[in-house]
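Same chain, two partners: chain A is paired with chain B first, then with chain C.
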Partner chain A sequence: MRIMYINNDGGGFADFINVEEGMTIEKLFKQKMPHEEAHDYLIRVNRQPVPKEYVLKENDRVTVTPTKIEGARPVSQ
Partner chain B sequence: MKKYKKHVRAANMLLQALSGLKKERLRQIQKKMEEFSFKCSEIDKNSHSFNAAVNRGWYLAANKITSRVGRNLNDFSHHLDQFKNFIATDDIKLPTLGDIVAGMLQIEQEYGEIKFDLEAKTISVITDSIALEDISFGAFEIRLFINEIKKLHSESPYKIIALEPNPAGSDDEVTHPHVSHEKLCEGDGFIPIRKAIGQGRLCDLFTIIIQILQTYNPDSPYVALSEWEGTSCYDCGYTVAGDDCYYCENCERDYCSQCSTYCQICDTTICLGCSYECPDCKKPVCRHCTAVCKECDEMLCTDCINEEGLCQSCEEKRKDQNNEEQKEESTEANSGAAVLSDSMGETIVHA
Partner chain C sequence: MLRFSPTAWAKLLFMRDMTDNEVGGFGVTEADDLLFITDFVLVKQKVTCVSVSFDDEAVADYFEDQVEVGRQPERFARIWLHTHPGNSPEPSGTDENTFARVFGSCDWAIMFIVAQDGKTFARLRFNAGPGGEVNIPVCVDYSYEFDAADFDVWQQQYLANVVEDTFFSLNGKSKKSQNDQLEEADVFGSTSFDSLGVSSSEDMIEELDLMHPAERQAFMDELAVRSDFWDEYESEVLYE
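On to the complex of A and B.
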């Protein structure tokens, strides 16, 4: 099953990925970000917040955005 | 549908800007290709020269060409890597008009009203009031300039405008630890922001910016929260708390304790730049407590100038001179008397 996965952390990955049928949003998050905590992220499916038991469907659009993103003063070169 | 007229018009503008961005990227690829092609032609030229040199037995020239080729190969590999990396970065995938409008509706759902200025071609979102570690910075307007999107890779096409500014004491242009002159220092958000803009993901863009505004990075702020309320020393720039700040009454600016002093005659606070060190007693004094010696024109503190307006050394010189004159006068008087007593009627002629 193909879904759109957008990760606004780090490199800002945004592309279609294949996931197993019946995968929940919680499982996807753990699979994609094994060292992170879900409460540190804003997770939306099809632009809406969903419960962690939400079962992903074909063509769903999943976005993951960290709640804390550190700004920094640019280093002059 | 009329309700979303502005959304659709703004989405269309954004789509056009993204097409322009895509075109710009293709132009950059073309430019890189030309640069690469030029590097290849240099190798070709070297190959011909090398061939000619070997055929004619010019081994010294052949050696020179070999070392030049060696150097050029290093450059070549650098350019090749750059070119490969540039090509490998994500292509700009244009969103559909529907995707952009859906993003706008998501913004309204998550952050409230979205403001369009279709003449100025801007899209704005107003944040809630932002506070970090009990310091409130008020609400901010995040204004995206659609026309500026084409410069995405060199400049930020948006501004962060403080609506109820509480700027840092040391710099009025710093309205948030990571915002200066309405520019956000994106830090970890740099790449995700560019990708979100490039792919027309408006809600992701505003969300990332808001998350940056709500996060404090103590390692690299423009002004640290601990120094927010302070005043910047006009001389060294160090931020000082209100109580440790010294106001120079001469130049009317604020200074830290290291860059200020006080006049040791009248006790006025002055900065080091406005203080004058008396060359005689070495005390720092303000300009009001200085005077010029009438004799040598040197500027000293008023304590080192006597009532006659002379410095100590001129005063001593004058005393010596007076003594000399007195001596001379008494000598003259004595010798005059001697002449008179010994040689009555002779005239005294001074040498």
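On to the complex of A and C.
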């Protein structure tokens, strides 16, 4: 089964991948990002948040994007 | 060397000068020249005169939109740009933390800051081989054809994406309804409760500590007269 997978870790990735039937979003995340914590990322399927038990379907678009991108000016100013 | 097209540079400075607040976004580059920024793209964000915080959903939308037009993440998600309203482009502790946490797992990334007086800071971090980081020079590259400035469109983009954060929750809780939070509790991954940059009381105290005394006094003066900083059920403040 083919899905679109987008993330920014490593070399970055935005392309179709093949996953097995019945793959959940939680299992895919653990497979693709084994050293990362899910709560550090915004994980969406077809632009919508989903529960961890969500079973991926053909042509789903999964995005794993960073959260809390924050800047501040330094103390000395 | 990190290079900007004249158009991208003008757009960045235009956004910087819209208000006295910080502003941030991503640099978009050419496929065959990943250190040549041809556009500065804003995402929805909350800003103050000392901070900028991107909306998590907007970042995800930005990624999807860029992929839909055929770009790979290395072209649109590796160069984090923001401004400092003061005259120092040096990164703060918050900047360093974000760069390490958000971009630390990328093969490479750049943190770029431009101050109000035009001074710049750019650091390239790379994870190839033993990994490392180095500050790199910055220039505007006039050797290519470039588009004209479009102030009207840029202003629309600014107004559509940048919101001044004048709200502090003193009890450290999001102002989202309990129902919203319950609905989001089942979501896999970040729930984005804080995606709009609502500060906790600890964050607020830390931010106050970092302020210049005059700025801190001005903030406290405003806080004293702004009833909307307090909860709707809170009618008075008790001093002990």
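The rule is simple: the second predicted complex is superposed on the first by the 66 of 77 C-alpha atoms of A that agree within 3 Å, B and C clash if a C-alpha of one lies under 4 Å from a C-alpha of the other, contacts with A are read in each partner's own complex, and residues count from 1 in each chain.
To be clear about the criterion, contacts are C-beta pairs under 8 Å (C-beta built on N, C-alpha and C of every residue); 3 or more make two chains touch, one makes a residue touch a chain.
All values derive from a computational prediction rather than experimental measurement.
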{"item": "Which of chain B and chain C A:Tyr54 touches, first, second, both or neither", "value": "second"}
{"item": "First, second, both or neither for A:Asp40, with chain B first and chain C second", "value": "second"}
{"item": "If touched residues of chain A are counted for chain B and for chain C, the larger one", "value": "C"}
{"item": "Which superposed partner A:Asp9 touches (first chain B, second chain C, both, neither)", "value": "both"}
{"item": "Which of chain B and chain C A:Phe29 touches, first, second, both or neither", "value": "second"}
{"item": "Chain B versus chain C as contact partner of A:Val19, first or second or both or neither", "value": "neither"}
{"item": "Chain B versus chain C as contact partner of A:Val62, first or second or both or neither", "value": "neither"}
{"item": "Chain A positions touched by chain B in one structure and by chain C in the second", "value": "6, 8-12, 14, 42, 44, 47, 63, 65-74"}
{"item": "Residue ranges of chain C touching chain A (in the complex, touch as defined)", "value": "22, 24, 49-54, 56-57, 59-61, 63-64, 67, 71-74, 77-78, 80, 82, 84-88, 90-95, 97-98, 101-103, 105-107, 113, 184, 186-192, 194-195, 197, 207, 210, 212"}
{"item": "Chain A - residues contacting chain C, complex", "value": "4, 6-14, 25-26, 29, 36, 38-44, 47, 49-52, 54, 61, 63-77"}
{"item": "Chain B residues within the chain A interface of the complex", "value": "90, 102-103, 105-106, 109, 177-178, 184-189, 191-196, 199, 201, 203-204, 207-208, 211-215, 217, 219-222"}
{"item": "Touching residues on chain A, where the partner in the complex is chain B", "value": "6, 8-12, 14, 42, 44, 47, 63, 65-74"}
